[in-house]
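Here come two complexes built around chain A, the first alongside chain B, the second alongside chain C.
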Partner chain A sequence: MANKTVQFKIKRQDGPNSQPYWDEFEIPYRLGLNVISLFMEVALNPVTREGKQTTPVNYDSNCLEEVCGSCAMLINGKARMACSALVDNLEQPIQIEPFSKFPVVRDLQVDRSVLFENLKAVQAWVPIDGTYDLGSGPRVLPQVQEQAYRLSQCMSCSCCMEACPQFNESTGFVGAATIAQARLFNMHPTGKVLKEERLAALMGDGGIQECGYAQNCVEVCPKEIPLTKSISDVGGQVMKKAVLDFFRV
Partner chain B sequence: MAKTPRIIIVGGGLAGLSAAIKVAEAGGSVDLFSVVPVKRSHSVCAQGGINSAKNLKGEGDSTWAHFDDTVYGGDFLANQVPVKQMCEMGPSIIDLLDRMGVPFNRTQEGLLDFRRFGGTLFNRTAFAGATTGQQLLYALDEQVRRFESEGKVRKFEYWEFLSSVIDSKGTCRGICAMDLRTMEVLTFPADAVLIATGGIGAIFGKSTNSVVCTGSAQSALYQQGAVYANAEMIQVHPTAIPGEDKVRLMSESARGEGGRVWVPKNPKETRAGKDVPEGERMYFLEEWYPKYGNLVPRDIATRAIHKVVHTLGLGVQGLPMVYLDLSHIDAATLDKKLGGILEIYEKFVGEDPRKVPMKIFPGMHYTMGGLWVDNDQQTNIPGLYAIGECDYSIHGANRLGANSLLSCIYAGFIAGPHSMKYAAGLGADPEDLQASFDAEKKRQLELNNHLIENQGTENPFQLWREMGETMSKNVTVTRYNDNIRETEAKLVELLERYKKVNLSDRSMWSNQSFMFTRQLYNMLQLARAVAMGARLRDESRGSHYKPDFPERDDANFLKTSMARFAGAAEGPRFDWEPVDVSLIKPRPRRYDSK
Partner chain C sequence: MASTAQSANTALPKGVSPLRAGTGTSFLWRRLHSLTGIVPVGLFLLEHLISNAEILNGANAYNGQVKFLTGLPFRLWLEIFGIFLPLLYHAAYGVYIWWRGENNVIDYALKGNWFYTLQRYTGVLVFAYVAFHLWTMRFTGIHLTEHYDASVWKVQTELAHPLMIAVYAVGMLAACWHFGYGLFLFAAKWGIVTGEKAQKRAQVLGIALGLLLTLLGLVTIYSFVTRPAQEKNPLWEQPVQEQSQLMAPAATVR
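Up next is the complex of A and B:
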């Protein structure tokens, strides 16, 4: 076992308009390596498997504990977080690529700001009156809290969007994460004051109707958020609103 | 009509976001700078909860008791007035977070649930599973997004703070920052600047901190004349999981929910943890600290674990590890209250902590020291504020668990309104104000050009590794002056080698190693202050422990250490400021009584 190594290849791109290329690496194996620590090894000695000098790999990361949502990428073809991708569980050579449905910034960094824009569009917040002291919030039963907490753990990693066949330029689909957040705030005792606005934002082109029920989102979600349940739930709300809107005119 | 005050906030964790909300609400205009999208800030890593004496458990808890626990837990090194204010503000902060929709765990009556944390005998910690920091950050992030959509907050994400702009009168008038993608350097004017850039974990190499917690901004300001206080006060968390890329936190809430720390009595024990019979286990915290048990403050628990492993030679299977055991608690309760951290252990270690005891060891966790601030969170540079983990106030020589989230929000809530008041009273601009901006930008561009063109043989990541190793070895749990001197010499050597640093990547587009190398210089300069502060404080207080000076020495060291930058070669110079102990008289700090 003395010569055991880890082999991996990284799809790189110098800038948004450059051509992608692959760099292959091989480093000595150690117990407990994850994909992030492979990048750290490359930074210490930026030399490819063929002995060619290269540059440290550029990638987004922060907490390395799978709560910040930064280090999402394609690892052996699957949308997931690099920090929790343990080398021992991955087939080699490990193939690492940037997300394919977001503009590449450099190497494994992509621009996922569309999700934050979508969260604005559905007003994913509780519109409080102000931060001055107004006493305690509404009482919430533990069962309701548990449901809300599951949705509230969404870390905006965008894995669900990358994996979704409907998330592309032609549909303009908002994606599962945004819909689940709309559900979360529509569920909140005071957050639901904006329910109609949220549903209106999810109607029409790019809205909830674009979902093709492929269920890829729920498969890849690192936090096991009930995304398909959220889509069907919010879909029902949207449908009900559409019918009511029709008769209101 | 008076012009709208423009406030720059650097850092989008709990402190930065809470300040942004207060400023926007008061009619100010916020420019919010962050190296990552603010939703990805390090506050998300806080797990166990947030303290506030709501007294919803019929225990007779009070804000005074919270204040006393915090001051005593910090071994009397914190100025007391802001600590008292924070504890008094605690209940209304929890109420506000509750109204913002934080999914706090609930009692069967639908009220907020509270659990116990270290260094107190009260159930005072509100929590949202075991990802409380994440949930709090998201609530504030959502409110800031609302203000952003109303045009009251402008976000500059993927921007690195390089320095402040100080005018000819010595007042902070803005910042110089760099776009991490285009690498463009620009200056931004403001009426006041709030620094909310968190802890300095990266200086210790591996820590529980996130990648962005380099302390680079604090160091840049220290090098511009800001005082850095109690630099030597570094918290090593007792329960963490050592990893290849970082040390992962295993929350104190595990013990709050009944988790027990133990080692086999027999140093040669070979059976797996779960197979060691009850009678052959040593629950050393419960034995040594019967009243607080597993919930002694972190500095105490960390030293106890070091003693068990290094002095008694009882580390699990001869390794630097002890057990943190939850396996006696039913799995459904664990999932509801600790789900997030159980998942971390399962994903990163590959074992189920519901079934087997976890293997843990202390890891660098929190920066009690930081930029010196007055009771309004203003630094010694007028117009420059520091809030949250990057400021030195509140926690003294040791932070109690679940006080950090509260102190971050408190600081933002103080500095936000105060900076608005300050902005309203700001006099006329000095005539040469533009020259100050131009000069700062020029200085930063020169630093960049120098670095990008530098020829040498040193790999910045290697220098960083060596810094982390020496700091972790000599300036954490047990400190000896000889060893610290060795570290100080090593830091000087690393700064010398830094002059020969060689970038393998010289491109000017999203060049992360370039930015890291700039941060590295700041880390090295700040590390010198941490090490020297540790050497000069010849006593033991809170997290700062010197076997050669085992007692707290109030006569000589009931003082804040104040590091001032004397020059790139000279490094820090120290002076000392008395601590405000006007409300609670210092008393011996002991947790081992019955």
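Up next is the complex of A and C:
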């Protein structure tokens, strides 16, 4: 047991336009290691398995308890959070790569601003800004709260988008997370005021229609958000809008 | 990637573009694709399979069904707007959808992802099969609008070779599967079935219907192949009017 080690390899890239390369590492095993702690070990002693000196690995992370959504990456080919990926549960050598559908900034750090742009495009917020106090908002029924709570757990990790076969450069699909957020704010009694605009946005190119129900999103979502249910629910909302628009606009 | 590489490594890779909120027409086209798959293409598939199964009631019943169908008023217009155009649109846009998807079933070997993949491959397969089937049974050979009584003979001649039976069996399975699963997809996309449990149920139901229709189709093929071969009537060959009769009104049928 004393000699037990952890083997892993990391796909690295020095800058947005440089060529990717692999670095292999081997560190002594400890109980309870997660993938982030592997990067910490590398930072302590940045030497590859072959003894070559290298640099600490660049990656996004923050909370280290699967609520912030920063440390999403491909671990053994699957989109997931590095903090909750426990070494004991992973096949070795652990293969760690940056997300494949987002521009690499450096090493495992990618630019996920497309999700932020998408959330802005559907106005994923409750509009309460104004010149005077609007008072307390309408009551939200507990049944609605329960549904909304699950959706509100989205941490913008983008795993659903990375795993989606329809999310790519030729479709420019908006992805499950944004659709689920549109649903969340459409069910809010005050957020509802923007419902029509959100639905109209989602009917644009790259909108909800691009979903092909491969259902990978709901399988990889670390927060177990009902993404396919949300897409179908909003799918019904846009159809209703499309039909009403056809007859009444 | 290629486009960014050629700009002398100065421009940063852009990645997937954000939602083009409220612009473009792809919503309409994609939903039309979804709709045409059910009505009229799916509906026609059902009609076709049930009509084919008339062979189980005997050769006369089958020929009679063909007489009824080819004798429908505005037959050609029904064919063009009820079958050919919607089918062509569904197929062409389907190929476009298939081409734009970035299949990842190897990395994510999950059930839904397999069905997603299968829907694309069965679609392309059915496209090829239907094109072949239309060519041999609708656009060449003895025309059934003129000789409905040649119907059983024509099908039996088509299925004379074991390889052909295999082609038809595979085409049957692919078409019925694509339709059955497509029903679930329609229900999910249009917000008819939204819940997690309900969608699982709809998925099972859709696949079950697809397999049931396949069974019906295979029984029909079996019935054609095993029943006594029909004699060819020399009258059918007589060039009363030539093949370019596609545009002839249905009234020319006796």
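Before moving on, here are some points about what is shown:
Heads up, the rule we're going with is that the second predicted complex is superposed on the first by the 240 of 249 C-alpha atoms of A that agree within 3 Å, B and C clash if a C-alpha of one lies under 4 Å from a C-alpha of the other, contacts with A are read in each partner's own complex, and residues count from 1 in each chain.
Here, a residue touches a chain if its C-beta (ideal position, glycine included) is under 8 Å from a C-beta of that chain, and two chains touch if they have at least 3 such contacts.
Note that the coordinates shown come from a computational prediction; the quantities given were computed from them, not determined experimentally.
By the touch criterion stated above, A:170 is placed in contact with chain C alone, chain B being left untouched.
Of the two partner chains placed around the shared chain by superposition, chain C is the only one that A:78 touches, whereas chain B remains out of contact. By the document's definition of touching, neither partner reaches A:193: not chain B, not chain C.
By the touch criterion defined above, A:30 lies against chain B but remains apart from chain C after alignment on the C-alpha atoms of chain A.
Chain A has no residue lying at the interface with chain B in one structure and with chain C in the other. Taken in their complex, chain C has these residues touching chain A: 4, 9-10, 12-27, 30-31, 97, 99-105, 107-108, 110-113, 115-117, 119, 185, 188-196, 199.
The touching residues of chain B, counted against chain A in their complex, run 21-22, 25, 36-37, 39-42, 44-45, 92, 95-96, 98-101, 103-112, 128-129, 131, 134-135, 138-139, 142-143, 145-146, 148-149, 157, 181, 210-212, 243-246, 248-249, 336, 340, 343-344, 347-348, 350, 413, 459, 461-462, 465, 504-505, 507, 509-513.
Against chain C, in their complex, chain A makes its touches with residues 16-17, 77-78, 101-104, 111, 114, 117-118, 121-122, 161, 163, 165-174, 178, 200-216, 219-220, 226, 228-229, 231-240, 242. Of all the residues in chain A, the ones that touch chain B in their complex are 14-15, 30, 32-34, 36-37, 40, 43-46, 53-56, 58-70, 83-84, 86, 105-106, 109, 113, 116, 119-120, 123-128, 130-131, 133-137, 139-142, 145-146, 148-149, 152-153, 155-156, 185, 188, 190-191.
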